[in-house]
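I have placed the structure first, in the form of structure tokens, so that the comments after it can refer back to it.
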Amino acid sequence: MSSPLIEVQDLHKSFGGNQVLNGIDATVEKGEKLAIIGPSGSGKSTFLRCINRMEEPTSGSIRFMGEEITDRACDINRVRRHIGMVFQHFNLFPHLTVRGNLTLAPVCLRIMSPEEADLRAAELLERVGLLDKIDEWPSRLSGGQKQRVAIARALAMDPEVLLFDEPTSALDPEMIGEVLAVMKELAEDGMTMLLVTHEMGFARQISDRVLFMDQGLIAEEGPPEELFSHPRLPRTAEFLSKVLRTEL
Amino acid sequence: MSSSLPQGRRGSTDRGTVLLVVCGLFLIALLFRSGFFAPASWQGFCAKFHQNFIEQRRYMMLVNGLKATLHMTFFATLIGLAIGLILSIIRVAHKGGARIGPLAAFANLYITVLRGTPVMVQLLIWNFTIFASARDLKTLYIAVLAFGLNSGAYVAEIFRGGIEAVDPGQMEAGRSLGLSYRVTMSRIVLPQAVKNVLPMLFNEFIALLKETSVAGYIGIDDLTRAGQNIQALTLEHSQPLVMVALIYLALVLVLSEGVRRLEARLRRSQR
Amino acid sequence: MQNLKRTFLGIALVTALFFGALPAGATEKLSKVEQLKTEKLAAQRGTVGQMLAEELLGENSGLLLTTYEKYVDAIAALRQQKVRAVIMDEGPAKRFLANVPGLAIMPEPLSEESYAIGFKKGNDALRSRVDEALEAMKQDGTLQAIIDKYNDNIDVNPEDIDLNVGAAGGKLVMGTEAGFAPYELKVGEGYIGIDIEMAAAIARRLGMELQIENLNFDALPMAVASGKVDMICAGISVTEERKKNMDFSINYVDGAKQVAVVRADDLSE
């Protein structure tokens, strides 16, 4: 019981000669909501994408529920079932209806029968407020609706943790609210969440802990109140003053 | 959507009409020039027509030739699709980091060689070199194989383009749900890729239909050859050839119209 | 506007095709083969006609000689005044004269040839058996009967020719180019002609089934060399050049003339 849900040690990642992550250490406890902020190019998304090995780490260790997932023997497909991911650009499957988007993976992986998956899809869509769109094609949904479907799709696998990779960056401002509302609800239900975001207000509101990344390292971390109000490092303060100013 | 429809319709009809008129003029001019109407009188034309196509049921030669042409096109299409699909997946998977170096090298070589040499030369090599001693093998099968393998190289490139045109985010989304590369490819990426390239595939097969006209060289009485056989019988130069051309044209027009409708439907369902 | 432009372009193209390439008028009428030395000629690809035309034209043959896949194409070129003469075998030439108006044969032949069956170089086993059969057919008049049957007549039903289907001795595959009446012609789904009937008679004598492969004439040497066909019966003339790449049976036709087919109005009286 004592081991954390996710434990990252000395994670390095480089693309060619370009060092993006320079030794990340982090732990995520079950039920924890972690916000990752930082200037662009600081490696936030790469860090997040290493956790389900969307990016192959160059070196270091990532343990998920006690299992070393950077190990070659590890069946990453099995691990990924438990790590949901929500993308900046939604990445819904355009050739499937909303229902198809939600049921494809559970049925393909024989986790549920088609009937069970259908019921579960309806349940999840109701939760994100889109039950009436169940037979709609993704192309006919608004951006906010798409992202809510994408969240429901990730939830359909009953994951232990959800990774959000800038989930509202590609949305028109008037649609951001509906997505954040769904995420907030999830947070309140106790879902473990890792969130890469530029929405400082939201990060402050829902997260238990904030990581500030800069130049491939976690420069500073702490509870949101503390980090946002009294950053220890000058660069954190500088970053915050920049983004908070533009937010106004 | 309904407001944009009439606009598009009208635009395409205009272009269609112009194209049709130009094609029609061209065809009539061609018919005159080629001597399809060479016997100056209508009776003369009819007599020639009767001699070329009706007498001794010579139209059956064309019908049988058409059968051979369609037969070759159809089965070569199937072979081409299968091979093209496999080759394209090999190339894409290799690019995506799968450890299949030798296979990918083979696929590259295959595509390079078969696209880099004329199909006629390939046909001759298959028939007179590779299958030289396989005399009980029907020549038609050899032609189907030659055209199918050739088409496979082109289809592979079409599929590859289609797969690469699918947003990489689709693969990521599938993989993030725990689906394997294979399942993601077959259930998520390929359906989208195929949909994208369907019109191009159809055009490839229309091209293939016309390419089979060299099959006469290895002794297959396809549509083109049937026309030549009638020429040799009646010693009439123009009518059989023009008739063959008209049959090809009709086939291609019908198929092209099919592609056009397919494209329209795909565009509608994408909205 | 764009459409209008396209339409005009189309019409211009059509007009160009319509009036372009109009033939120029000829000068002096033909009386001797000698005159053809500087004229545009046509022949079927791979035939003795091509060879003779090349000899006649000498170094100009690259410029003046056009070879066609089929006789019909060569004759069409002649009628459209693209060439002044077609060099070809007398047999098919006569058939063209009888069926196509406005043609004539120059009285002076270019050469006389013998026809024989062609084999893969070194295939003596088959060649000697065929020679034997052919010799026997010459002796008992079978061969002459076949040749006489096709004298000014190609009205033969291919189904009446017994190809000895299902014979115990296996298949005898002949390659031919079935656009060379009266020697070989495709009729419906079958074949008729002197070569066809002769080969069928040979096959029957050898206890074999005759199978006919209808290829292009210039593909025939390749077909027999590769073993795709056992022999070529296509009214091929025996020449020294061909003997280098092919073995021949005994002759079955002698005195087959190579002639120049010209337009009737181009031939002086």
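Note that the chains take the letters A, B and C in the order they are written out, and that residue 1 is the start of every chain.
The working rule: contacts are C-beta pairs under 8 Å (C-beta built on N, C-alpha and C of every residue); 3 or more make two chains touch, one makes a residue touch a chain.
Note that the coordinates shown come from a computational prediction; the quantities given were computed from them, not determined experimentally.
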Each chain counted as touching chain A and chain C at once: B
Label of the chain whose CA centroid is most distant from the centroid of chain C: A
Busiest interface, counted in C-beta pairs: B-C
By mean Cα position, the chain sitting nearest the middle: B
Euclidean distance of C-alpha centroids - chain A vs chain C, Å: 78
Gap in Å, rounded to a whole number, between the CA centres of chain B and chain A: 47
Intercentroid distance (Cα basis), chain C paired with chain B, Å: 33
List of chain A residues in touch with chain B within their complex: 52, 54, 77-81, 83-85, 87, 89, 91-95, 104-105, 108-109, 137, 139-140, 150, 153-154, 157
Residue numbers on chain B that touch chain A, as the complex places them: 167, 169-170, 172-180, 183, 187-188, 191-192, 195, 269-271
Chain C-touching residues of chain B, taken from the complex the two chains share: 14-15, 18, 21-22, 25-26, 29-30, 32-33, 56-58, 60-61, 64, 124, 127-129, 132-133, 135, 139, 216-219, 221, 225, 228-229, 231-238
Complex interface listing, chain C residues touching chain B: 3, 6-7, 10-11, 13-15, 17-18, 69-73, 75-76, 79, 95-96, 99-100, 171, 173, 175, 178-181, 185-189, 213-216, 219, 222-223, 226-228
